[in-house]
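For reference, the structures are reproduced in the following blocks.
The two complexes that follow have chain A in common; it is paired with chain B in the first and with chain C in the second.
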Partner chain A sequence: MKKILLFILFFLFNVSKAYCLIEVDITRGNLNPLPIAVSPLFSDSDTKQELKNENNISKLGEKISEVVENNLRRTGLFNPLEKNAFLQNPDVAHLKPRFEDWKLIKAQALITGQVKFVDEKLRVEFRLWDVLAAKELMAIAFTTVPENWRRVGHIISDKIYERLTGEKGYFDTRIIYVAEQGPKTQRIKKLAIMDQDSVNTKYLTLGNELVLTPRFNPTNQMVTYLSYFKNLPRVYLLDIETGIQEVVGDFPGMTFAPRFSPDGKKIIMSFAKDGNSDIYTMNLENRIVNRITNHPSIDTSPSYSPDGKFITFNSDRSGFQQIYVMKSDGSNVKRISFGKGLYGTPVWSPRGDLIAFTKLHKGKFYIGVMRTDGSGERLLTENYYQEAPSWSPNGRVLIFYRETKSNSEGKGFSAKLWSIDLTGYNERQVPTETDGSDPSWSSLLSN
Partner chain B sequence: MSKSILLSSAFHALIIILTIVTLPFVAKKPLDLPPLISVELIQISDKTNIPFAPKAKKIIEKIKEKEKKLVSEQAPPKKVKKIKPEAIPMPDQKVEKIKQIDDKQNPEVEDTKIKQVSEFEKKEIFDPTNIAALIDKSKENLAETDIKSNKITQSQDKSLNNVGLTLSEEDALKAQIFGCWSIPLGLPYNENLMVRIKLKLKPDGTIIDSEILDHARMNKPGQNFYKVLAESALRAIQLCQPLRVPSTGYERWKDLQLNFDAREMLEG
Partner chain C sequence: MISNKIFKNVFLVFLLSFVLSACATQTRKVDTQMQGDVYTGTDTVEYLASGVPDRVFFATNESVLTTASRDTLRKQAGWLRKNSDITVVLEGHADERGTREYNLALGERRANAAKDYLMTYGISSDRISVISYGKERPVDSGSNPLAWSKNRRSVTVKAN
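Right after this comes the complex of A and B.
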C-alpha cells in the first residue's frame, strides 16, 4: 500500500516537472545558401575507356557533377563548395563518406555518385548525404543512352533540390523565346528553344515572319505563339517534339498573347473585335471561340489560375491599366492592384499563391509579385525597360526580358533574358546566343 | 471493511488534492499580466567614490588634524575659511608642505579604514604621483564587489530552477540559433509548419539527444515541406552546438524545447 502511494506521488511529481519544460520560439534564421559539396561522380577505368572509345566522351562523371553544381549554384539557395578543398576521394566518399572530413570544410550536404557503362547504356547513380546528421538522405540510379548525360545531370539536380527544399525542381526544363538579331528598326525575330541552362539552342522558325509571345502548354511540349502572316495575326500551335506546326486561326485586329489553359485543352487570348479588345477562349478540339469579357475598355493579357477556376488579366476599365481577377466564366470581376502606376502582363504562379506582373511607374519598369487578392505587393527588380515575366514550373523563379537604351545613333540597343527568384536577391542574366525576348518556361520534361 | 473504506477514501482524497495542486490544467490560470521587471536599488557610493591610496589617507588625516588645530587657535571660524583656499598649494609645493607636516606631527598609525571625505578635501590633497595607486585600488575594489554579486547562493539557485530562461538568456540562445538556421526558402508561408524539437543538454550546452515531437508527420505523404523544415532545424542545432546556455541552473534547462517557425521570415 505504502509502495503504491509512493509510486503515485512520484508520478504526480514528475507530471508537474514535465510542465516546466522551457520552450524557446525560433522565428528567424539566415538566408545564406546551404553549403553543399558536389563530389565528382566516380567511374572506373573500364567505363572511362569504353565511353571514350564508343561515344568519344571523356570525364563524364566530372561533367555530370558540373551540371549539377551549376544548376544548384544558379538557384541562389545552395553554395557548392570548391572541389580543391575536398579531403576524400570520390570513389571512397560514394561508399561511405567520412563525415568529419566534410564537416571540416563546412559542408552541410554532400552529393556523391558513380557512372557505369553497362550494355551500351549509361548507368548513373548518386547519393545525397546529410553531413551534420551523418546519414543518407537519398539514393537513386538512372539508366539512359550516353548522349543523354546532360539531362541526367538536370534530373539529379531536380531530385536533390526537391529533397532539400521540399518543392519540385526546375532544371530538366526548356525555355522558348524570341531570338532577335539586327538593328532595332529591322529586327529579325525567330523562335528559339534551349535548355534552362542556356545549352542546346535550336531555332524553330526561319525569321521570315514576325513571331511574338511563345507560350508552353503546361501539360506537354506544345507551344502556342503569335505570328504575322500577310500583316494579319495568326495563332499557331507547334509540337516541339515532332516539329509539326498548325494554324489555330486568323483573328481580326490586334491579337495578344495566346496562352494555354492549365489542362492544355483551351487557349485564352485577347483580340479586338469591332474596335474593342476583350478576352476570349478557344477550345482546341472543336475550335469554338467563347467570349469571356464584354466591356468597352481594353482587356488584355489573360492568364489562368493553376486550378483553372480563375483568370487574371489587365484592363483600363478604371481609367488606368490595372490587374483584375475574375472567375473563368467571366463573372465576379475584381480589381486587385491599387498601387501607383500602371500594371500589366499578370501571370498566375503555377503554385497558385502569387501573381507576377510588370509595373510602370515614373518612367521605370518593375517586375513584381502580389498575392492573388492583391495584397503583399513586392517589386523584385527595377530597370529602364523590362517585361513579360514567366514562371518556372515550381513557381520559384521568374524569367523576363530587359532592353537597354539605344544611343542617339540608334546603336547600343539590346534585349536580354534575365531571371530573378522570389527573394529578389538572386538576379541573373540568362545567356542566349543572340538577343532574346518574350521567354516562356516549360514544365518538367521528366514528368 | 470500514477500515478499508476509510483508507480508500483518504487515499482518493489525497490524489484529488495532489492533482489540484500539481496538474496545470486543474489549477487556475494566472492572470495574463505583463512580466514584472525587478529593479534592485543598490548603494553605489562605495563604487563611485574612488577610495584614496594609503598614503593619501594618511595625508588627509593629518591635514584634517592640522585644520582642527588652526580652527581652535585662530577662532573665530570665519578666518579659517579664508585661510583654507590660500592653503591650497600647487602640486609641486604641496608635496613639500605635506612632508613638512609629516615631520612636525609625526608619526601616526596608518588607519586602514577608508574614510569618506568631501570633494573639496580631495582636491586639496590631489597628488599626480598617486593617480596609479588610486586607479589600481578602485579596480580591486570593483572586482571584489563584482565577484560577490555574481555568486548565486544555494537558495537563489533553487528558486531559479522553477522559472524559465531570463530574457537575456533566451535572447542569447535565439541569436545563436538564428545564425545557424538556414531557412529553406521554398517553404509555403501560409501553412502551419512549426517544428518542435525537444533537446536533452549537457551542462556545457552540447546535445545529448534531440527528438522531433511530431516525428510521425515527417513520414506522412504530402508533408515534404514539414520534413524539409524539420531537417533544416536539426541541422541548425547540430551546427550550433554547444548551445549558448546559461552558466547556472542546469536543472532548469537540461531539457529544452525549441519551436522552429519560419512563417514570419517567409511572409517577408
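Right after this comes the complex of A and C.
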C-alpha cells in the first residue's frame, strides 16, 4: 500500500510541483481514489459501418472503454468520472485534450483512444494523459481480431494501472472456481471459469461427479483439481484449451489439496492413507513422486513460496490446525501461527513476503495475512464462514469464498465469491452465474 | 455512591441468574440428543440389519470412537462375520465449520478409526474400503450445533 501511495505521489509531484494533487488519508492506510476520465474510444464512420456489417458489433469503442472503466473502478484506487460531465468530444480529446476542460471536472488523469477497422483486424490505440501537468504519459496501439475486444480492454487497463501505480495489473486474467447448485445435502458442483470481471463464464465439467479446489498453473492454462470421478477422490490435471484430463500419479487412496509449484512443473498435494494425510509432490515431466512430510498428523493445504524454496502448509500436529513453513525438501519444519484459534489454508503471496490464511476463532472465520515468519498478523475480514484465499497475480487482491448460515431446513444458505484488497479495504462480491466456491486466480494471460 | 454500588451488584446478580437459567434450559434441551458435542440421537441413523446401526458420531475435530460408537461397531462386526460375502464402504464426514481440505483429511481419519475397530473384531481389511466426503455431503443442512453433530460421522454402507 505504501509503495503504491509513494508511486502515485511521486509521479504526480514530479509532473506538477505547484499543487498537492492527491489527498491521502494516511491514518487509515487508505487513499482517496484518483479521479480519472475515461473518454470513450471513438471510431470514424467507415469503421462503425464495417464493424456493424461484418461483425455485428456496434459501439465497440464505448464497450472497450466501459471494460476499462469498470476494471479501474473495482480496484478501489480509481474513481472514473461521470461521462455526462465531459466537455470535449472523444475524437478531439484524443488528438489534443483541452486540459482546462478536464481540470474543471476534477479529472487528474484522462484516457482517450480510437478504434479502427483495418484489413478485417481491429486496431485499437489509446493514450493516457496527466491533466494537471498537461502532458501525455503513454500511448499504445494493438491490432487484433474483433472478437478479442474485451481482452483489449483488459490489456489497456493493465497498462494504465501499471503506469499509475507502479505495480503490474491483474485485469487480463481469469478465475477458475466451483459452480454450485442444489440443496446442501445434494450439492451439484462443476468447474467453471470466467474472466476476472465475471464475464464469459464457461463450465468445464457437467456436474456428474463432485469436483473441488481447482488451481491454475502459474505458467500456463493448465488446472489441477480434485474429482470424485468413479467415486475415487483423486487429483486431476486438466488442460482447459483441449479439455484433456488425467489422474495425477497412481496413489492407492485419496489425493487432494493440489497446487502447482511456481515453475509449473510439479504438483504438490496431500495423500491420505490409513487415516493419515501427508504431503507429496509429483514431477509432471518425469512422474517422480516425492514424499515431503512424514508425520502421523493431518498435513495438508500445501503452497510453495514464489522462489520454490519453501512450502507452507497446515497441520494438526500440535493438537490443533496450525500453519507451518518448511524447506521444499520437507526439512526444517517450523510452526508460524501462534495466535488464538485455528489456522488453515496458507497461501504464499506472489510477492513472497506474506502468507494469506483462514482463521477460526470463537465461531467466526477470518481471512488474514501474516509475514512468512508468522509475525505481523493482520485480519482483513470477519464473517460467519469464509475460507480459501487466492492471490491476484500481482499480490494485491485476495479472492475467497463465503457461505451464509442456513436455518434448520437448510434455507438461507449461499456460497459466493468475494475479493478484498490487501489493506483490508474494498471488499466486494465477485458476481457469478450460480453460487460459487474455491476460487483460483490465473496469471496474466499476456505478459 | 454506596447505594449505587449495591444497585449495581443486585443488577449483576439478577443478570447472572438470568443468564445461568437460560444456559440451563439450553443444555437440558440438547441433552437428549448430544453428549458433549457428540450426537447420541437416532434421527438420521439407518440400520444395516435389525439392531445394527449404520453410523457412528464424533466430537468436533476428533476421530476418537466413543463408548457408544464402539458398541455400534461391534454390532456391525458381528453382522459382517455372519454375512461373510458382504463388503462395505466406510464413508467419513465432517461438519461445515472447517476448511474444506482439512475436513477431507478429517473424514478420512474418522472412517479409518471405524475401519480399524472393525478389523480388531476380525473383519478383514479386504472387505472394507474407505472414502472421505469431508463436509461435502451433510445429512442435516442446518447451521446449528445439533445439525453439525449429526454430520460428524462415519457411515457403513453395503458395497455389494
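Following the convention adopted for this analysis, the second predicted complex is superposed on the first by the 409 of 447 C-alpha atoms of A that agree within 3 Å, B and C clash if a C-alpha of one lies under 4 Å from a C-alpha of the other, contacts with A are read in each partner's own complex, and residues count from 1 in each chain.
In the analysis below, contacts are C-beta pairs under 8 Å (C-beta built on N, C-alpha and C of every residue); 3 or more make two chains touch, one makes a residue touch a chain.
In this text the structure is predicted, and so the values were computed from the model without any measurement.
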item	value
Contacts of A:Gln108 with chain B and chain C, given as first, second, both or neither	first
Which superposed partner A:Ala133 touches (first chain B, second chain C, both, neither)	first
Residues of chain A touching chain C in the complex	183-187, 210, 212-213, 226, 231, 233, 253-254, 256-257, 270, 272, 274-277, 298, 300-301, 314, 316, 320-321, 344-345, 358, 360, 363, 384-385, 387-388, 403, 405-410, 413, 437-438
Sites on chain B touched by chain A in the complex	7, 11, 14-15, 18-19, 22-24, 162, 164-165, 170, 173-174, 177-188, 190, 198, 224-225, 227-229, 231, 233-236, 238-239, 252-253, 255-265, 267-268
Chain A-touching residues of chain C, taken from the complex the two chains share	61, 63, 96-102, 104-106, 108-109, 111-113, 116, 130-133, 136-144, 147
Residue numbers on chain A that touch chain B, as the complex places them	1, 5, 8-9, 12-13, 15-16, 19-34, 77, 108, 130, 132-133, 137, 162-167, 351, 353, 376, 378, 394, 396, 421-423
